[in-house]
Amino acid sequence: MTDLAIDLLWLVILLPLAGALFLHFVGQRLPEPMAGLLASAAIGLSFLVGLVGAFPFFQGDGEATTILLWSWMPAIGANLELLWDPLSALMTLIVTGVGFLIHVFAIGYMHGDERFGRFFVNLNLFAASMLTLVLAGNYAMLFLGWELVGLCSYLLIGFWFTRDSAAGAAKKAFVVNRIGDFGMMVALMLVFAAFGTLSYAGIFDRAGEVLTTGVATAIGLLFLLAAAGKSAQIPLYVWLPDAMEGPTPVSALIHAATMVTAGVYLVARSAAIFELSPTAQVTVATIGAATALWAASIAIAQYDIKKVLAYSTISQLGYMFMAVGATAYVAGIFHLMTHAFFKALLFLGAGSVIHAMSDEQDMRKMGGLLSKMPVTGVTMGIATLAIAGVPPLAGFWSKDEILGSLFARGGWYGVLWVVGLLTAAMTAFYMTRQWVMVFWGEPRWSEDAHPHESPGMMTLPLIALAALTVVGGFVNTPFRFTLEHFLEPVFEGVSMQHPPEGWGMFALMAGISVFAGLVGLAAAGLAYRRPMEDWAEFEQGLQPVWGWWEQAYRVDDFYNVTVVQPGKKAAEAAAFSVDLPVIDGAVNGVGRLARGIGERVRVLQTGQVRNYAALLFAGAIALVVWLAVTGA
Amino acid sequence: MVEAVLFVLMAVAALTGAVTVVLARNPIYSAIGLLGTLFSVAVIYVVHLAHLVAAVQVIVYAGAVLTLFLFVIMLIGVDKSERRIETLPSQRIGVGAIAILLIAGVVAITVFGNFEWVPAAASVIDLDATNGTVAAVAEPMFTDWVLAFEATALLLTIGAAGAVALAHYRRRN
Amino acid sequence: MVAPGWYMALAAALFLVGALGLLIRRNALVMFMCIELMLNAVNLTLVAAGRALNDINGQVAVFFILVVAAAEVVVGLAIIVSIFRLRSTASVDELSEMKG
Amino acid sequence: MLTALVLMPVVAALVVLAVPRKRHEIHLPLGVVLSLAPLGLAAYLFWQFEPVAGMQFVVDVPWYEPWGIGWRLGMDGISMPMVVLTALLVPIALGASTAITKRTREFVVLTLLLEAGMLGAFVATDLFLFFVFFEAMLIPMYFIIGVWGSDRRIYAAFKFFVYTFFGSALMLASIIAMAVIHSSQTGAASFALSDLANLDLTMGAERLLFAAFAIAFAVKVPIFPLHTWLPDAHTEAPTAGSVLLAGVLLKLGTYGLMRFNLTLFPQASVDAVWIMGALAVIGVIYGAVVAIVQPDLKRLVAYSSVSHLGFIVLGIFALTSASLQGAVIQNVNHGLTTGALFLLVGMIYDRRHTKAIAELGGLQKSGPMLAGFFLFMTFASIGLPGLNGFVGEFLVVIGSFPTLPSLAVLAAIGVILAAVYLLWAYQRVFHGIPEGENATFPDLTPREIALLAPLVALVLLIGLYPNILLDRIAPSTEAVLDQVQAVTDYEVPYPGRLVDVFIPGEG
């Protein structure tokens, strides 16, 4: 049964792809829910195939297999081949599992949209491309998935393309991703120049003797640039907050659970390369920490429900980068999994709130919704606690393992541990602030808003995700490192960082991180329980800092001034003051020169016969003289 | 000795004729000047025993061409003397310069020139009497130069036809 | 016995006068006559050279030049007559419609 | 076989000529049907083509013996893709020119003659014959732009003609020089490519001849400083003209560089790797930057062609297996994607009679089908993996790294700029709410879809399964590389050659 599933592994990609194509050509005319159901069925099926295929890995005896579909670009060792090992299996299950739940949610959420069928085409296409990325057997195919995912995020962010802000956000997302892809392309050039191929098989087990530390560092940093583009880290994160223009299920699927984790997957997959350059690892970790802190601070001062979650995602991704940067790959992947659960839940919850409040996204016009939307309220509550790091929920275990690993690694990583703790507190603060502003306190809705609990189709996934958030943590507790053993074969060639051994240390670590979480939680709870006026002046109290946070340090304007405007001016200069006048001018100049010479020569044609005679004669004389001189 | 005297006389006659052609105010006088030059050159041909050429010169040139000139002058009206003003000032200066240059050149050649252009100049071979006669000239013309001969024949016919076409005065109403 | 060089000199002088006349005079007819002068000068050199080199071809060439001269005069005068009929002037300067 | 291929369009032209002038409605359909014949033959040749180096279907008939000029034709891996592309694009271009009303007969005849010239140029293995076809193409193109173009067509047509003519004059001189050298060295003059390939030229002569050929082809490609005729020619040409101009005529330059410059002057090519590479990369960056601010959609696509062809030239002069294959396949890809983009721009122009981006907006709402096709082709042009643009550009960029690392990295920047200018244009033209005439924008007619469908299919096919072309191209490009390495002391740096590329299958 299982080896049948492995042989049919390409179904995992084919199913959503077929779903997308079918819906594209036929789906438009299907009655509304049909398209959604079909799409969800497609991704659900591929989840099942993945699950069955992953059984050998669960029992711990499966080994990595490569399934070759057909040779794509043999000149650079790039074939369409699937690599089925525990890491890609885990990622497939996360993508298809969470994806399935989000598809179901979307059926309810997108109810009444006239491009309903079109939405699910893009959603399925996204699932297919993410699976291509995760299952790729070589960097070229990974790059294939990498860019297709960017395409789908472009299509989905700009889904309501009639809105200029959405269209702009879509373009911005794609261009910023493209800058990351540039880093990826250059990295692949280096890899090809060093190994002569792009296929994993040809790279990882020969990495040691082929790469010098210098080249490895270069490749590592370029991978970081690519990951920063895709997973919205410090230099290239500006597109994610704008990506909230897309429908909420999109934000949940793409900008929380799957696409943004591609960067982490890339670093984890290329562990063998990062192994050779400590500098690259430190940079990754530092960028992660900086992003975590930076985004957390901005999230605190946001009023749009989705913006808070967007910056929270960036911050949590920073955690994952800290983990993989400190070679705690399993901890990073573990946090990736748990984050996928509770962040998807948070986004879907926010989606159901927005849906209920007829597209109102400003938290200041919400409040006291718990009574009206109990299921959404409770499930989001669970997620908020999880992300804050409250034990037994999933967030606690994964975040604690990361912080533990950082602490255990010591040195510079110790500093990052402190940053991690601070971010943990801030995370707890802004998440609780959000929950309290939306569900607690006195209602501040406008008159025409009449919130009601979302229909079953939407609340069901919420409950499922809540369950996963509660159970998810126990997958990799320090007592039974099941995930550790599960991912063992993938990382056996690479040294891995673990949290400090022994009960004492675990208790100490857990205590510190829980304490940080509770501090943030309490502060936000107390501050935002009171009516709006109170916490409004509390916010004014922090004014200079609060203002920066709220406008996200005006990074967008900064980029606009330093990159976009000069770029446009340079382009205009190149086009209108160089290309047209100079080069084109040169060409036309030649034409004008010829006409000018003609003009002057024309003067000689005076019409006077005698002038011609004189010229003729002068010529004759000149000839005679020349003959005489040269004695011809 | 006679040849030298004849040469000087004829040279003077030719040059005065030429000058009158150029400087005469009235075209008639320049025509007469041309006639003088033609005759003096004809005499020189005789000196060179080129009798046929001399005869042709006199008959064709002096006879036909010159009379044609006179005829046209009469047709156009002899009193059309040119206005004195010179429309192309630059022309005069230019021509003057060229003239001086050339005269200097000719003088220089005649005085210093050793005529290396004319290889056998030194030895003057005495042409026998028959040389200049019609047979001697005709023989090469109809053997080596027959093609040129036919070409000139064609040229003349075209010239004649052309002249008639050009000058034909269609009576336009 | 007069050296052929002298005849050449004479011919050169004649040619020179003809050329200058051509450049100075404005009446088309006179210009034609000057051209005739120049042609005569050429004939003279040919005959003198012919005699010096004892080669009859000199004189044959003269014939061809004569023919060309005759044809040229015929056509030239025809043109002048037709222009004259249009413009009633023989002066070359007014006839400059062919200006470039 | 190849002679039939070249002469078929000429016969077709004569047939169309026979149709009386006033029967407008017959000319175009007849032209399309007749141009399907060469397509059929080209497809048959493609199917018959074995993936092995060297010329196939060779024809060698002496034409003018004393000078050694012969009707020599042949097709190998480098020219075969272009022949098929040409045969494919002509019926599509003709099909798309229903908007042409005046003098349709002459238009169809000229297009068919243009096709004959193009096919001839690609299959000629005799330099003199190549030059004849190279020039023969200019005349119909000149008239197509000059007569049926839009407002500034005379200026554009004239500039195009004189510019290219200047280049080819240089080439003619060097062709003759080659023949003369050949006759001096071996007694008999000959213009055959095979004979001229093994001439031993002095270093100076080889450099000079290389430069002459290179300039002639640089004008055609166009490479950076010599590109200003392209935007004018494209903007003023009618749809069919632009499609063929971008799809095929530009490729003649890159094909020429590969076929003549590399094989005839290997040492000079090796020395010129850096110069040509640098010019190519400047072209990539410059073309893209200038394209960003173009107000006119067609000029934007024209400048994008300058940028894309810069990749091809970089691929040629990087002299590695991957980059050469990438260059050849990118020739085809660019033909397909830019051809399709021009078709789409033409369709917009037929409906809105404007190419200015400012006047267009919100077309996705009123014309979703057209928007869908345009987006598809935009992403193919940007080089999205899974579509054909990616295969070519990725092979070129990755392949040229071993020999020209810094240039390859700079070229990769072109990838970002491509996304910027194309998507920005797409956003301004298609997104937003359509008002005024944009709202009543009629969507694609079945005829237009029938024109675009084959292109979309091919773009996907080459994007996902490029081996259908790469298998046939690889032997020929390897042959060129072997020849260059054999004659010069140039060593392709480590992963450059196909043979030492690690294929996972064989370990």
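List of remarks:
Every chain is named by a letter (A, B, C and D) in the order it is written, and numbering of its residues begins at 1.
The rule is simple: a contact is a pair of C-beta atoms (placed from the backbone, for glycine too) under 8 Å apart; a residue touches a chain by one contact, two chains touch by 3 or more.
What you are looking at is a predicted structure, and each value in this text was computed from that prediction instead of being measured.
Ranking A-D and A-C by contacting C-beta pairs places A-D first. Comparing mean CA positions across the assembly, the chain most remote from subunit D is B.
Centre to centre, using the average C-alpha position, subunit B and subunit D are separated by 70 Å.
One inter-chain figure worth recording: subunit A and subunit D are separated by 37 Å, centre to centre, where each centre is the mean of the chain's CA atoms. With centres defined as mean CA coordinates, subunit C is found 97 Å away from subunit A.
Each chain gets a centre from the mean of its Cα atoms; for subunit A and subunit B, those two points are 102 Å apart. Counting partners per residue, subunit C has 19, 23, 26, 93 as the residues that reach two or more other chains. Residue positions of subunit A touching 2 or more other chains, listed in rising order: 608, 610, 614, 617.
Across the assembly, subunit D contributes no residue in contact with two or more other chains. Contact between chains, as defined at the top, is found for A-B, A-C, A-D, B-C. Against subunit A, in their complex, subunit B makes its touches with residues 87-88, 91, 94-95, 98, 101-102.
The part of subunit A that touches subunit B in the complex is made up of residues 608, 610-611, 614, 617-618, 621.
The touching residues of subunit A, when paired with subunit D in their complex, are 66, 68, 70-77, 79-81, 137-138, 140, 143-148, 151, 154, 158, 161-162, 164, 167-168, 170-171, 174-175, 178-179, 181-182, 185-186, 188-190, 192-193, 195-199, 201-202, 567-568, 570-572, 574-576, 579, 583-584, 587. The touching residues of subunit C, counted against subunit A in their complex, run 19, 22-23, 26, 31, 92-93, 95-100. On the side of subunit B, the complex with subunit C involves touching residues 3-4, 7, 11, 14-15, 18-19, 21-22, 24, 27, 30-31, 34, 37-38, 41, 44-45, 48-50, 52-53, 56-57, 60-61, 64-65, 68-69, 72-73, 75-76, 80, 82-83, 87-88, 91-92, 94-95, 98-99, 102-103, 106, 109-110, 113, 115, 118-121, 124-125, 127, 131-132, 136-137, 139-141, 144-145, 148-149, 152, 155-156, 158-160, 162-164, 166-167, 169.
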